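Here's the structure, in structure tokens; my notes come after.
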Amino acid sequence: MKKSFLNRLGIKPNIKLVNEKSLSEFDDKNIVEAIVFASRDPVHIDYLITKVSKSDKSYLNNILSLLKEDYKTRGVIFEYNENYCLFKTSPLLKAALSDEYQETRDLSRAAKETLAIIAYHQPTTRSEIEEIRGISSSKGSLDVLLDYHWIEIAGKKDIPGRPILYKTTKKFLLDFNLSDINDLPNLSELKREGLLNSLEGK
Amino acid sequence: MNQIIHSVELNTTSNLIIDISGFEGPIDLLLNLARKQKVDLTEISVFELSKQYIHYINTQVELKIDVAADYLVMASWLTYLKSKLLLPADDPDIEEEITAEEMASQISHRMRRLDAMKNASNILFSRPLINRDTYLRGIPEEFDEVTKLIYNSSLYDLIKSYIEKQESSIPTPIRIFRLDFMSIDSARNLISKIYSKLSSWINFINILDSDIEVSNKKSKMASSFSAILNMVNEKEILTKQDTKFGDIYIKKIDKD
Amino acid sequence: MKKSFLNRLGIKPNIKLVNEKSLSEFDDKNIVEAIVFASRDPVHIDYLITKVSKSDKSYLNNILSLLKEDYKTRGVIFEYNENYCLFKTSPLLKAALSDEYQETRDLSRAAKETLAIIAYHQPTTRSEIEEIRGISSSKGSLDVLLDYHWIEIAGKKDIPGRPILYKTTKKFLLDFNLSDINDLPNLSELKREGLLNSLEGK
């Protein structure tokens, strides 16, 4: 196998002894690489010593450090200590390797109403939203909308109890294709467009 | 003849060998015989091959009966073929099911087909095989998974839900207001708080201002007055009124 | 089963994959390397495309060929076809690794021939196999091949007696390094010579 490698690499076998040594090291490095790759567990150094051409710890250590160097800037890194060695994916790629999934959902009715009320009445407080919705629990919806960065806290209202004020965000404008909050159509405009007919007569 | 047979490489390692001679069935045997005759299977002499096959089967006295059937069927079929090939062309008046040439080409086709599959099998198994010649990653790794929720409500949905809310005549929520009155207990607490200041006569009206939580003055006055009457009864307070409908003064009773 | 695992195999779970795109070709190569290296099963090209900075097949192919080149003379090699890519140990190191990892026992000649017959004639029945082999017992070979997960049952043939049909598996393609069943050696040649037709009807 060594001969065929030589030929394929175009190296003339008749060179110095140093190259002869580096050739076997090259083979041993490949063997160590393959064994560590295919092994179902981290591979013990003692085992690798039995697999290389010289049963010598410092010889093996040299191979291990060469391998570590080879994989230094790759997507996979080679690690070893006094006992074991293994391959693992580079920690630098952790974020890039994780998979992101997108799940599309409809906003709940409560959240939709809450968001609409904030959009039209901003800045507004939770109790004002509850008064319009006629329901005394809007906390869940507010949390969802805050999480999603469609609304944000806009200070506190200057009345006794100083309740939190909410307003819509830039992300809200962006996601709903509005250049400005004043672009939000009002009721009469919508009716003029012939929209919301299903609501007539209510 | 025997020389030919003995020169055939025998396979005795496999446990699926049917015959002691190492052939896997009649076509396998035919193939082996044919290889001694000619290299190209398309130019094989079926007649010569049939002769050899029948001769070989006849020499196999130890042929096991359970494995013999396939070989014997082939032998009789080849015997029939051989006799047909020997005879001159049949009387055209007699309708033959199959001609000798067709039979010969059929057996040659079957041999070629098995030969092709044997070759294919050799080629397949000479490829680098996973877990024999080459190995896959031993310790697979898993990556993180993040699921992002996307809410896909449109502006129209939003406005519609708002307007539905505005238009629909939802009864205003019932609100329980805090009742604006002072209980007798709280009036008494109030007086107890200022009790130490009552060492001289103080106008009853003045003590009412010390409570700011209740704005209902009538309630305050009534409850405080009742509390004072209780305290008079308990000999804690003295009261006096100089004229009818005049101011009421109160003072604590010194207990020593 | 994890969604990302399915995706890597080229199976799309019913949730959208929206991976953040990476920065450059260098990063992309590292990412592809890490993903394929981390996986024991071949990784589907469609999944890798979601991970690189350009959703473009020729861009990815360029990365794959760079990786193949990088690993050309190593102990571990990179292989890819139109659908999948994977890392495996170099077949040249067979001797150094076989004593520790060999799982594939030597099959009987009968089993090997039976596998070839199924591969080239699939889907096919036991009696068709026996007809080609000219012998009336192939049962043992089928069991061995089913155990190896190289063949599987592919329903029943619509003829009297409704015999079981057999075909080769994905594992067969993987283990024999075939990109798909049309990649079988000499397939078109054998077809042309009429050697893949059954004798029935002749």
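As written, the chain order gives the labels A, B and C, with residue 1 at the start of each chain.
Methods note: contacts are C-beta pairs under 8 Å (C-beta built on N, C-alpha and C of every residue); 3 or more make two chains touch, one makes a residue touch a chain.
This is a predicted model, so every value here is computed, not measured.
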Central chain (by mean CA position): B
Top-ranked pair of chains - ranking by C-beta pairs in contact: B-C
Distance between the centres, which are taken as Cα means, of chain B and chain A, whole angstrom: 22
Geometric centre distance via CA averages, chain C-chain A, whole Å: 31
Per-residue multi-chain contacts in chain C, two or more chains: 3-4, 15, 18, 35, 37-38, 87, 89-90, 97, 101
Overlap residues in chain B, where contacts from two or more other chains coincide: 135-138, 141, 143, 145, 147-148
Residue ranges of chain A touching chain C (in the complex, touch as defined): 1, 5, 9, 29-35, 37-38, 51, 73-76, 87, 89-90, 93, 95-97, 99-104
Footprint of chain B on chain A - complex, ascending: 34, 37-42, 86-89, 94, 97-107, 109, 111-113, 115-117, 119-120, 130-134, 136, 148, 176-178, 184-185, 187, 190, 195-196, 199, 202
List of chain B residues in touch with chain C within their complex: 11, 14-16, 18, 24-28, 69-70, 74, 106, 109-110, 112-114, 116-125, 127-138, 140-143, 145, 147-148
Touching residues (chain side chain B, partner chain A) in the complex: 135-139, 141, 143-168, 170-173
